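You will see subunit A twice below: alongside subunit B first, and alongside subunit C after that.
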Partner chain A sequence: MLSIVKGLWIVFLHMFRRRVTVQYPEQKPYLAPRWRGRIILSRINGEERCVACYLCAVACPVDCIALQATEDESGRRFPEWFRINFSRCIFCGFCEEACPTYAIQLTPDFEMGEYVRQNLVYEKEDLLIAGPGKYAGYDFYRVAGLAIGGKDKGEGENEAPPRDVRTLLP
Partner chain B sequence: MAKIIVNEREYEVRDGQNMLQAALSVGLDLPYFCWHPAMGSIGACRQCAVRLFRDANDTRGKLAMACMTPANDGTRISIDDAEARDFRASVIEWLMASHPHDCPVCDEGGECHLQDMTVMTGHNYRRYSGRKRTFRNQDLGPLVNHEMNRCIQCYRCVRFYRDYADGRDFDVFGIRNQVYYGRQFDGVLESEFSGNLVEICPTGVFTDKTLKGHYTRKWDLQTAPSVCVHCGVGCNTIPGERYGALRRIYNRYNGEVNGYFICDRGRFGYEFVNGARRLHHARVRTERGAEAAPADSDEALRLAATLLGKAKRVIGIGSPRASLEANFALRTLVGEGNFYAGVSEKEWRLARLALDIMQGSPAKAASLADVARADAALVRGEDVTQTAPMLALALRQSVRQAPLRKAAKLRIPDWDAAGVRNAVQEEKGPLYIASTFGTRLDDAAKRTYRAPPDDIARLGFAVAHALDASSPPVPVLPANARPLVGEIVDALTGAEEPVVLSGGCGSEAVLRAAANVAMALCRKGHPARLCLTAPECNSTGLALLGGEGLEPAFGAVTSGEADAVIILENDLYRRAGAAAVDAFLEEVGSVVVIDHTDGETAARAGVVLPAATFAESDGVFVNNEGRAQRFYSVMTPRGDVRESWRWLRDLALAAGRADVEAWATVEDVDRALAAAMPIFAPLPEIAPPAGFRIAGQRIARQPGRYSGRTAITANVSVHETPPPEDTDSPLVFSMEGYQGQPPSALIPRFWAPGWNSVQALNKFQEEIGGPLRGGDPGRRLVEPAEDAAADYFADVPRHGEPSAGNYLFVPAHHIFGSEELSALAPGIARLAPRPYAGLSPDDARGASLAEANEVEVSVGGWSGRLPVRIIDTLPPGMVALPVGFAGRGPLELPAWGELRNPRDGRGQAQ
Partner chain C sequence: MNDTVRSLLIVFILLIASLSVAGMLTWVERRLLGLWQDRYGPNRVGPFGLLQVVADAIKLFFKEDWIPPYADKVVFVLAPAVIMLSVLMSFTVVPFSSSLGVVDLNIGLLFFLGMSSMGVYSVVLGGWASNNKYSLLGGLRASAQMLSYEVFMGLSVSGVVLLAGSFDLRTIVVQQKAVWYCVPQALGLFVFMVAGVAETRRVPFDLPEADSELIAGFHSEYSSMKFGMFFVGEYLGITLVSAIVATLFFGGWLGPFLPPPIWLAIKTFVIVCFFILLRATLPRLRYDQLMGFGWKVMLPLALLNLLVTGAIRLAMG
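What follows is the complex of A and B.
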């Protein structure tokens, strides 16, 4: 008897505590930029950052990323197609950690619910965004040794001009 | 055996190795770059530094390069020594100072020896803040890509290209930190083995350009053990598949066949599998002359069965590029008497003769490894670089054997590459080449002899007679051949392991003469080996199955006996003259073609059934030495494609045949074949059976890191399908299976913990450079007869004098273009020469023809105009015509024909 009254009393006291329930979706919660939600592919200076290295795909523990690499005439590599099956994704963020170019990033967005599971399969068009996402400033091709359109050999960061192998001078 | 002590533990190793080899052989990890098991040590990269102790009491020791330290009895080293460890780490750090930040866009990434070694030594951060040196790349042609920034100057590429493969157009240039590997100018690499640079290069300087077009990492490739289909040597390969397309071919080590290397035709010829001419669906033509229409497989099968059911007599035409099982299934379906080998009459006679020689001669057949080990070689008839390229590479190693023995006398171990080179300089062992005109191997030969096939044969008979007087004599020998006979005899009798190698060059006499030479050597107590080339991947297998050639097949139709034909994986227009094939296909009522690639024959068929290529099927090929080798499907076929033997079984079942009811898997066919023909009795035992399991698991075709399983087909359906069933082999189309080392016949890829690159092979061998663990795969079916009482061939050909206005047309083979399937690969097609008529300079002058002029050619019922190519090494009176171009050339070469300069309107006598 006493324990029931005690319980009721505690419930009664809770009526005067501060409310913690968030009125989602009218009220949006704050999510930190590092929050691991919907995955995007970013761009830098208008160009796709993804170089189709397959590291995100191999890092993915549920194998939900598949892509195919291709190259433009200038030798710049990019994904011909890029697919994430979000119905399998566990939002672990390994892909972002593996990405050597900051191309693939997880965003603070979790509102991806669908009635049809098939709609959770995102293609490259669905993933690409216009800007650099969380990490501005890093352009992989500036530091890579590969010559691509607009950047010749020796024009990368910290690179000496190409050697003239025909010279006899030391 | 020597007892060595590594890290204070004793190991037993074979004598005559170096410490790096020995350490790797016993399973220890030691980083290295410049050493390669096939090319020896030069001690250049300083990466394999270890601490070497004088004896058990020596506690200080000294740093030494393991690859330059002989593994003598009692040699004591420490790999774990702290100073040696630091030394190795700093070497890597120097190498990486200028290495570009390329791994994500580098095709080597994930299977990079430099990555592996960097991880192994523990270097992980670039401390050097200076600028990285850069280089411009070269365009090396359609097969190999060049990215010079990534180079770590290990010299492996030049050592392979120049020292091992004797290439001349690639070298190292420059000094200090601008050492550059490339050609003098941009251009296609000339060596037929340039593709091996892809595997030789420890990093991504040389990568596969055909792979670049559909790039996939090693960890994403579904692979299975396979056998090359582009010539008769039967090199072992590892094809890789991704998203339903074949992506690349890598070498699969087999100590007895292709050690560490394969040729460019084998490596880059695979793209026919993905080609536009692949057949994916059945096609039927209900009425003669009507358009062929696509059909589903049941309908096509029903129609084919009806056509065959109505026929009086059905004949089957087999194929040297189809597996044993497919050919046997056809033979079973049509009956032994109705089975014809689908090769030209001349080729069939040669193949049967080669087989008779191999079975009757006391000389054992030589494997590729035997040829490379030989210390004297006589090559007859063919330009092996063009017809069986890996044989040429083996012969290039054989000329090093005699000098190597000399170096061994100076107590220089064979792995000391620089020491051996200094000792022997430019010296070469005896290699004699008799051919119709200059070959790509001539630079390695001691002496060459160029003559028409009959004279090549006569030289052989003369050598045999000089060796053993009981063999038939040659009455008159051309003056330029006489001094050669004695020299060749001396070289062959002076050698410990002589080998006689012969290609047909279209002449039976050449083969017979080679057989006589080998037999004479054996009778005189010199255990010679005999190596006869085979034109296609299963030519020998087809010859073992027996039957008759194509002409009797045509005859059976012309006589009205047969009115239906099943053509298995064969384009008849490449086998016989167009007019004959036209007439044959016209006359025979019903034509059923089973093939994987569309061609002229398939275009005329009533029913076309889409067959699987080597990449989608399981089966056995028999190579030129008679070695039966099993290949496994790498991928599941698209569309309605089925393996040829399954189509044939289904046809037989539709016809109500009971004997094939039990044929559920390829093993059932093998068992039936083994029961039907005793020569094939070992067939079921050449590889583990389909029920073979390791720890209850099948062998995984996909590596453990295979990615994208739940996304690859998600665009079609988000619900994943189970992996395809494989009832034919112990392999599985999944990553869920055994990932360790399977038996040697089932190795799907070379990969070991810490060794992602092809160098992981070290872990799969019993000892470095030796056989794979458990023995090399494949089994030789053809062995020489025990008594070997066979007689010498007696029919010495007469010296053929050309009649006026007549030229002897001889075949000119080309590595790129002469072979049917590889010629469909775009990269190979780009390198294939255009059709031409090769003339000697004298004949060209006589007919007032210059290079690229048009000339009218008429030979063997074929005539046409071809541009002239002047071949300096061609003897006068002969014309060389490339083989296999356009498929409609004259086929039965050598043959006599005529040549006319269309501008002066008169025939040219010589």
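What follows is the complex of A and C.
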């Protein structure tokens, strides 16, 4: 009996507590920088980071990423098209973990509602952003020992000039 | 002629007022439950979410009004009407001031007891006519519950009747000019409140509904406005029991400064809030617990109250 009265009193006192509800459209919730939301493709120095290695598409557990690799005349690989079906995506972040070039990244944005289901399929131009996203300063082609247009072998960062393996001279 | 128009007007106003109050109570309840659970409740539709009631009503009206093919159709349709009818009939005896009220019965309290117990027919018939095992269990529980609480409900108000010397609700209120009956009849008030909660089938005595065990019990099969009528009937019942508690134990329309009906409304509202607080706090009792509680605790308490009140009344002459 006393416990009932006590319970009633405690519940009554909750009237003066702060409410925990986040009034969503007016009041946005805090999203951490590493929050896994809408996927983007980043650029570095104005160039696409993606080298179309297909690792993200392979890592994706729901197969929502599709792309087609191609090369420009200088030998630089990039995706001809890149498609993410967000109606399938489960925002697990495996693609970001698989990516060797920091190209694909998940961002703190979840407001992707659409009235037409087909609109959830994002093409490359919807995914590409102007900057490097979360990871600034990393440019795959600047550190890779690959010769592409404007950068020959041995011109990359922390890279010695190529050695002629057929000569014995130091 | 003038009298007829006046009573018709009162009836009409009371009907509209009680129905809209019952509608608004759905909003009040959800907001208060939210308040007591550290959240907001419906606050989107209109100012403070007040139009939620309208939205809900529109939604209910547009739902499919389905009668199961295996149901007893006539009884199935009749059941929700019974609860509305019985509760609205009981409202006629509630006095809003010394002159305002639909009827002035000299057995008003008896009429209330009789009419409000009719409400259980609605639940039992609804549960039976649905031809669904869960509904039937709900109806069964309702009847068992009724047998348990109805006895001590009648006995608990007998103390008030003894003190006032009348079954007339107006006389009872007028008799409380000196001191409200909640003081000398504190035990009676407690017993009557318990019975009132059981009467309206509210938590912790919502056994016929029991969402978690009986999937809404007696109204599992009801949809659309038939379900709405059960719903409105429940809230009407809460308002009615609160108004009766206010009349019997808290001096009804008596109070300073404000007009009498406003005082009754304020007291009723506070008691309704208490009903909702009960719902926010307590878990549901088990079926046998309620019956044991009713017969072994509440009935002796009510009898004791009646005995002591009678003895004191006799000693005072």
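Keep this in mind: the second predicted complex is superposed on the first by the 151 of 170 C-alpha atoms of A that agree within 3 Å, B and C clash if a C-alpha of one lies under 4 Å from a C-alpha of the other, contacts with A are read in each partner's own complex, and residues count from 1 in each chain.
As a convention for this text, a residue touches a chain if its C-beta (ideal position, glycine included) is under 8 Å from a C-beta of that chain, and two chains touch if they have at least 3 such contacts.
On a predicted model such as this, the values are computed, not experimentally measured, just so you know.
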First (subunit B), second (subunit C), both or neither: which does A:Arg19 touch? second
Name the chain, either subunit B or subunit C, that contacts more residues of subunit A. B
Who does A:Ala160 touch here: subunit B (first), subunit C (second), both, or neither? first
Looking at the overlay, does A:Pro61 come into contact with subunit B only (first), subunit C only (second), both, or neither? neither
Identify the partner contact of A:Val11: answer first if only subunit B is touched, second if only subunit C is, both if each is, neither if none is. second
Scan A:Pro33 for contacts with subunit B and subunit C and give back first, second, both or neither. neither
Considering only touches as defined above, state whether A:Gly149 meets subunit B (first), subunit C (second), both or neither. neither
Would you mind listing the overlap between the subunit B footprint and the subunit C footprint on subunit A? none
Going by the contact rule at the top, pick out the subunit A residues touching subunit C in the complex. 4, 7-8, 10-12, 14-15, 17-21, 23
Subunit C - residues contacting subunit A, complex: 34-40, 277-278, 280-282
Which positions of subunit A touch subunit B when the two form their complex? 51-55, 57-58, 60, 62-71, 77, 83-85, 87-88, 100-101, 117-118, 120-121, 123, 140, 143-147, 153-154, 156, 158-166, 170
For the subunit B and subunit A complex, residues of the former touching the latter: 100-105, 109-110, 129, 131-137, 147, 149-150, 173-176, 178, 180, 182, 212, 214-217, 219-220, 243, 705-712, 714-715, 717-719
